[in-house]
Amino acid sequence: MEPLQWWGSVALTALELLATAAFALSGIIEAARKRMDVVGVCVVAFLTAFGGGTLRDLLLDQRPFFWVREQYALAGVFLLCLAALLFMRRRHVAITERMIEWPDAIGLGLFCASGVHQAHLLGMPPMVSIMMGVVTAVFGGVLRDMICNEIPATLRNHRPYAVCAFAGTLAYLLLAALEAPAWVAMSACVAVATTLRALAMLRHWSLPAWKI
Amino acid sequence: MEPLQWWGSVALTALELLATAAFALSGIIEAARKRMDVVGVCVVAFLTAFGGGTLRDLLLDQRPFFWVREQYALAGVFLLCLAALLFMRRRHVAITERMIEWPDAIGLGLFCASGVHQAHLLGMPPMVSIMMGVVTAVFGGVLRDMICNEIPATLRNHRPYAVCAFAGTLAYLLLAALEAPAWVAMSACVAVATTLRALAMLRHWSLPAWKI
Amino acid sequence: MEPLQWWGSVALTALELLATAAFALSGIIEAARKRMDVVGVCVVAFLTAFGGGTLRDLLLDQRPFFWVREQYALAGVFLLCLAALLFMRRRHVAITERMIEWPDAIGLGLFCASGVHQAHLLGMPPMVSIMMGVVTAVFGGVLRDMICNEIPATLRNHRPYAVCAFAGTLAYLLLAALEAPAWVAMSACVAVATTLRALAMLRHWSLPAWKI
């Protein structure tokens, strides 16, 4: 492998681990809010970090799951849970929540790019590819809220989150239709989704309220 | 194709679309009640319209999913969500709810016939075929209520709904055992399930209460 | 088959049926608490009894599901639901709950052994095998609580349950690594998980509380 390529792949893996950790931490915090025990913290963290990608692989019938191929991610989330149980105190929660906003936005972009790319490679029609991108990015959080007995926040807080993933998948499909190489289309998807999410956070954008 | 057959298949597709729209609308109404945003409305509508059939295909290991083969259904539900977001007001909700009762009853019959037929074709044993018919018909609604953080209405409102699907699958299996052609068995299933559901609505039948 | 082997297999099937009945009964009791109707009781009982194993088979891509191969289990749970609807009264609930604690502990061991063994046979890495053992043992109960609109008890009641299954899977993997025959490793898994669960119940062990 060329040195540049090697550095690129190291950077990508580092970003992916960071994003997975951010997703897992948001699960840990939610489990802490519900006063769950060690089992609950681990289950919710795993579900949040791997739920979206697993649902995508299940729907697209792709095996082995990515967490079977990349076991270090499983081990990493497990260690993160143990660390949180040992060291996390109430006063850390708000700080952690603010700190994970940015890696979470990166995760939104990466996860949605991986979903739309995988569906597109399998020859899925555009509407299905879009759906797979969005599902990969948001269903970890949806499953987290469902197991914590809440209406999923992303379905009703009027903050752009799934919508950013949606825009990212459109960018991917547009570039793929123009026969751009895969890495260009995926980078554009990540850039669009993450930038929109970052702008939405910085400018406090909100989705139009429904007149009902 | 013969003209009669052609008209039959057009009528069936029209009925299926009507039923899918009714299921999607019941999801949209539930999302509106929970004051969800545009993302929530779309997710709940898709889950209600396609959840039961997707769970059936997942359990029977059938790919591609019917919404991958029949993309116009996906596009139709998406347009329905947009239309509801633009035009639906509070005063329309009760009317819509009453209007979808009948297409919903037709959907109950059609979905349950498709479930039991597919399982039977795959050589599943009778108990599993019955279960697949009922799952296809009712799990869209169950998933809708689960994601909306409610106990699924169909599990506790004592109104015959899943029970009508159950009776329909029995009619199918009886006729299949008598070696009736598939379309006869499926029509009987739809007729039994939809008629029972209609009678249950008109006569306000309710399931016996449990003495507990 | 040798007589001894034959008796062994009869005893194992009897234990499995007992454990499945215990899981189903815990679902029936939960459905009764939520005042569900006959449909709700059946759905929750099936989900509790077969949910964990089905999720395992779905994740490991194993078909047919065990409840397709072993239909008598489906029929048994259905008859149990009917019997509960006919004969169970409020005063029986507390007694039943106490009576199922022991078969439930046996089920915890058996289900977790079947999960870890199946994953191990398929060549899954250790972390995934552990996860499959725990998922098989506890996700029936998790799905039961989710459909009943509760935070899953096993995630927050600080009583060792999933943790016992976890210990059992470790015993299995240790013996498998030492190249013990499968039945030895599985027996050790059942013994460790069930004994720990029994001790946890008898001595009222509880998981350390999280300082948050």
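Every chain is named by a letter (A, B and C) in the order it is written, and numbering of its residues begins at 1.
Just so we're on the same page, a contact is a pair of C-beta atoms (placed from the backbone, for glycine too) under 8 Å apart; a residue touches a chain by one contact, two chains touch by 3 or more.
Only a predicted model underlies this, so the values are computations on that prediction, with no experimental measurement involved.
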Spelling it out: a chain qualifies if it touches subunit A and also touches subunit C; which chains qualify? B
Under the over-half criterion for shared residue numbers, do copies subunit A and subunit B use the same patch or different patches to meet? different
If you average the Cα atoms of subunit A and of subunit B to get two centres, how far apart are those centres in Å? 31
Going by residue number, subunit B touches two or more other chains at 58, 146, 149
Spell out the residues on subunit C that touch subunit A in their complex, using ranges where they run on. 58-59, 61, 124-125, 127-128, 131, 138, 142, 146, 149-152, 154-158, 161-163, 207-212
Quick one: in the complex, what on subunit B touches subunit A? 31-32, 34-41, 43-44, 46, 54, 58, 63, 65, 67-68, 71, 74-75, 78, 85, 88-90, 93, 146-149
